[in-house]
Amino acid sequence: MYDFLWLVPTLPFLGFLILALFGKKLGKTLSAFVGVGSIGISALITILIGIRFLSSPPEGDAFVQTLWTWIAVDRFNVNIALHLDALSLVFTFVITFVGFWIHLYSVEYMADDESFSRFFAYMNLFVGAMLLLVLGDNLLLLYLGWEGVGLCSYLLIGFWYKDSANGYAARKAFIVTRVGDAAMAIGLFLLFYSFGTLNIQEILTQAPQTWSVGNNLAVIATLLLLGGAVGKSAQLPLQVWLPDAMAGPTPTSALIHAATMVTAGVYLIARMHGIYELAPVSMFVVAIVGAATLLIAGFAGLTQVDIKRVLAYSTISQIGYMFLALGVGAWSAAIFHFMIHAFFKALLFLGAGAIILAQHHEQNMFKMGGLAKALPVTFWTFLIGSGSLAALPLVTAGFYSKDAIIWFAWSAEGGNIYLWAAAVFGAFITGFYTFRMVFVTFFGQQKIDVSHFPKWTIHVPLIVLAFFALFGGFIELPGTMGHFTLFSDFLKSALPAMEEVAHENVSLEYFSQILTAVLALVSVYLAYVLYLKKPQIVTNFTDTGFGKGLQQFFLSGLGFDWLYERLFIRPYVWIARTNKRDFIDLFYVFLPWMSRQFHYAFSYTQSGKVRRYILGIALGAVVSITIVVIL
Amino acid sequence: MNSIIPYLIVGAIVFVLGIFTIVYKKNAVGILMGVELVLNSVNINFIAFAKFVDTGIHGQIISIFVIILAAAEAAIALAIILNIYRMKATVDVTQLNKMKH
Amino acid sequence: MTGFYIALIFFVTGMFLVAVTLLFSRLLQTKKPSPDKYLTYECGELPQGGAWIRFNNRFYIIALIFIIFDVEIVFMFPWAVVYGKIGLLAFVEMFIFIVVLLVGLAYVWANGDLQWVKPRPKLEHLPKAKGK
Amino acid sequence: MTASEILKMMPLIIVLATPLITMLIIALHRNHLTTMIVSVIGLVLAIIAIPYSKALDLTKIGELLIIDNYALFYFLLIFTATIAIIIPSYPYLEMRFKGNREEYYLLILTATLGSSVLAASTHFVSFFLGLEILSVSLYALISYLRQTNEGIEAGLKYLILAAVSSAFLVFGMALIYSQTGKMEFNALMQFFSNSSKLNLISIVGLVLMIVGFGFKLAVVPFHTWSPDVYEGAPAPVSAFIASVSKGGILALLFRFFSQYDVLNSKPLFLIFALLAVFSMFGGNFLALLQTNVKRLLAYSSIAHFGYILVAFLAGNNAQNFKGVEAATFYIVSYFITIIGAFIVVGIFSTREREAMSVSDYRGLYWRHPWLSVAFSAMLFSLAGIPLTAGFIGKYYVLASGIDNQLWTLVIILIVNSALGVYYYLRIVVEMFSQPEEAAETKHPSPSVGVMTGLILAVLTIALIWLGVYPTGVIGAIKISVMGL
């Protein structure tokens, strides 16, 4: 079964090729079959491989499929090889499985779009690039996938390119992530330079021997990689692109948020855990970034009116949790939350998409309302997703995954009480804005008539994902509730485990869990009171000057765009404008000028006259002979 | 006649004369004649060397091939020159500078 | 002194004598050009037309074909010298060589290049004259 | 000559027989399509004969030829390239030429024969014969469109210059012969290697031969013919000159010096290095602002052969064949791209003129997305963008240069690659930019034949295939070069 691994990334690429080359001729039905089918088969193969992996793990708990050697020159040796271990298996599974449902859903969502096949081509490429990223066994493939993902996000966010605002959002996403990519590329070079190999596993095994803990190079390399990770994963300070990325079609958002793109940063750090462990400083920075991001994004989520933007900020916030977990060294908890998050975030985005489709493409949730009756399936599944996001205790998967992170934020080696407090407070905010969204959208008065009733292609993905958002959490139960550690045991082969250390203080753990649970319930109640029972409290508050300012501040994502505009963009433009003729510019003016002079000088020799040509050859011969005679 | 030097001198003179003709002549046919001169100087050299240096007949063989190919070259060249004359009513190579730079 | 140097002296002396006579004639001559003096010397006859006349293209084609078959002899001659030593193989190889040339001849023949007067192109596209 | 020797030579013999048969067919029944098909069949048969020839043990055929794996590899390359050139020539000639189109195939086949003889020759006689068979056929091919001014002008220019250069070459041969009394490459090089220092006459001979090589490969300062000839010749013939003709010479150059360490011979190294440097800079600077696509490709090919010379310097002899390997891979990728590019140029040509101006390609994407994508792939490969064959080729060349610490050359190569990217991308940008509405009617709007389209598609796929999976071809090259 393992031998079919190469098909997993190949099929989406194949789908992309077919759709890109013959898309127009295929028609919508066939395009859908190709687009969805390629991912579907990919997912099926992944599941079969996964079963095989669980039942009889390969030797060394990792399977490497070397397809061919791309370049082999001395020590620079690049294999096109896939590396499958527990970590990449989880990612592959989530990408293909969740990706498949999103694709299926898109068939209905995009049915009326004229660029149907182009959409599926991009989506397939997106999934393919992401699979390359997580399965690649060397830095070059990883980087290739990384850039591919960036390119696809650009294409998909700007999918409706006729509206210039979408193009702007796409460019913003591209440029902001590029900032991180540049840092990451330098980091990768640094790794290659230090270890002389591109193979990730070799780097990881060599790292502890070459670098001692706290080595400067290790810190620099990990921080540079972190730069790439925060760019792709929309973490502080590069989180500004993600809310604007909502300009793309909703399934794109689902794909970006759940399965691909934003989780790439999480994968990168988890994959490079061996190096991060050598740089405790960087670990701490990761944790801080995560904690700060989850709070800031949470605040921003409180006041959003666009349903998709709420979800966008919730994603930033949830990825913040994952970073927090990575930073404190709770590797498997981060990956666990990643998986659960993928389920419920995909579910939420697809649900939001169904709502938007039903509301004439209206995205302002305050213009909606009372949709619970009209769209029952959407409502129930959306509720499940929201519950999971808000980490409603015991019944939802999100509770188990988030609880693990909150607990480790305190108890793990790198954790402390401040991180824990931030995480707990973040959980409270999350519950609040999530259910604010639910209450505003589904309850109260129906304001817009329902224009589109979803068919099975929307319902089935919603139900399947809802199932996982509910029950997916039971594969990993905390120490206080049976200590069932299927998931982290599974990951143990790829990521260092730390559960044994962390589950000592049982009473504290109980306290943490109960507090989180209670806060989640309270936040839901609060949202119920403020947005359904007595909405005047909110309006009263926002009518005051302070309230209005605060609302505006939160709405703009805590003013980061404003800040960057003043901090970077304007000074940069100013410098560029006022300083047109500096030394560097002169250099760049001089270079083309010189090249042009050379061109004219050389083209003078091309006179078109045969006799001069003959003379040239003769002179060349004479000069050559002179050289050898003199030497 | 036991020295190779005279052959070499004659060969070199003919070679230089040929090159000079090629560079100096404007007439395409004249240039061709220059080329023939050069090739013949090579033939002189080859045959001389075959006699003085090599014990075999390699030099003579290659000179036969040079003669043959010079003939073939001349044939094609004359055909092209004929076409040029048809189109431009001149065989002056300095007129052939339509394509440049 | 080898024969070559004798020839060289002879050559140089010859050149020298010619140059001297020409130089003397140049020094002694009087220059009174008239159009008649510039006429080409045709043994007393007045030249008819220019000396630069064009030859028919046919000469060229025939000459070319002649050259091709002419240089064949360049190969045949050494072949004939060593034929006795090599035997059958030499015969076969020369046979192949000649067959190749014959293919060329056939090609030329079929193209009508051997005829002095080329067959006129068939003017099928012209309307036929009526009444014949 | 034994039967097994004849069998070994079968690919060459088939390529020799094909023009003869074609000639007879023309004599019997003149038909353009038949002629084309017969020549393609001949070449296909020759390709089929290659593995059988490989299976035979002996390599040397008399003193003149050697048919080892290296020669067979180049045979395969040359024959395939010729097929890829011949098939698109059919619609091209149908459109552009009135008159006897059939002889074109005869000439191309004899030129192919010449080029493959070069790849297999180990002796001055076969070298000179192969070179002249190639050249004489090319004279006629270049001026094949004899009703055009450019065609005959290019033909005469090439003729005069090539005659001069081969005169130099033969004179160099004569000088070397005078010193060694030998004409067989291996014996020559043995002779040179054994003598501690080359004497003056033999090194002058070598230099004169290098002039001949340099002319055919169009490296600066012997390059002046190439832009004019590329421009004036019919597009498929330009492709042929750029690929098959140069490939044969290059194969011979590698073989000629394979027993001699150029790297350790100061004068020769200096000359080759200067040729490489001048070619890289000259080619790229000349191409920089060029607006004629055919001339641009000519200039760029000058630069590419500069790159190849760098690889050649980095390892050309039995101790170290890395450079030759890299250069051979480079040649393979270059064959694909340059033939593809000229096919596109040929497709866009009209009855009156060829599509040479860069502005002819403006907005091509919006009219012919497929063609423009194929053409872009070719240009990307020429520029050395990753995931194309050109990138791998350039990478290997660089690696071989670094391996031998030819730092100056390597740095110049990198600088020149950057220069190159500029003018290749200029064409790509032109293709993808929006056309002006008024110009819509002015542009030629060709219909691509099935076979031509197929060839172009195969070339494009091969290009990307080699960029992604070069290992197979590199392995084959390694095996073939080993026997040198």
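Order of writing sets the labels: A, B, C and D. Residues in every chain begin at 1.
Throughout what follows, contacts are C-beta pairs under 8 Å (C-beta built on N, C-alpha and C of every residue); 3 or more make two chains touch, one makes a residue touch a chain.
All values reported here derive from a predicted model rather than from experimental measurement.
Interface comparison, A-B versus B-D: the pair with the greater number of contacting C-beta pairs is B-D. With centres defined as mean CA coordinates, subunit B is found 72 Å away from subunit A. Subunit A and subunit C have centres, each the mean of its CA atoms, that are 83 Å apart. Centre-to-centre spacing of subunit B and subunit D amounts to 26 Å, using the average Cα coordinate of each chain. With centres defined as mean CA coordinates, subunit D is found 48 Å away from subunit A. Shared contact sites, meaning residues of subunit B that touch two or more other chains, fall at 19, 22, 31, 72, 79, 93, 96, 98-101. Across the assembly, subunit A contributes residues 603, 606, 608, 610, 614, 618 that each touch 2 or more other chains.
Applying the touch definition to every pair of chains gives A-B, A-D, B-C, B-D, C-D. For subunit D in complex with subunit B, the touching residues are 124-125, 128-129, 132, 135-136, 139-140, 143, 146, 149-150, 152-157, 159-160, 163-164, 167, 170-171, 173-175, 177-183, 227-228, 231-232, 295. Interface residues of subunit D facing subunit C in the complex, by the touch rule stated above, are 1, 20, 23-24, 26-28. On the subunit B side of its complex with subunit A, the touching residues are 19, 22-23, 26, 31, 93-94, 96-101. Within the complex, the subunit C residues that touch subunit B are 2-5, 8, 57, 60, 64, 67-68, 70-71, 74-75, 78. The part of subunit A that touches subunit D in the complex is made up of residues 68-74, 76, 80, 595-596, 598-599, 601-603, 605-606, 608, 610, 612-614, 616-621, 624-625, 627-629, 631.
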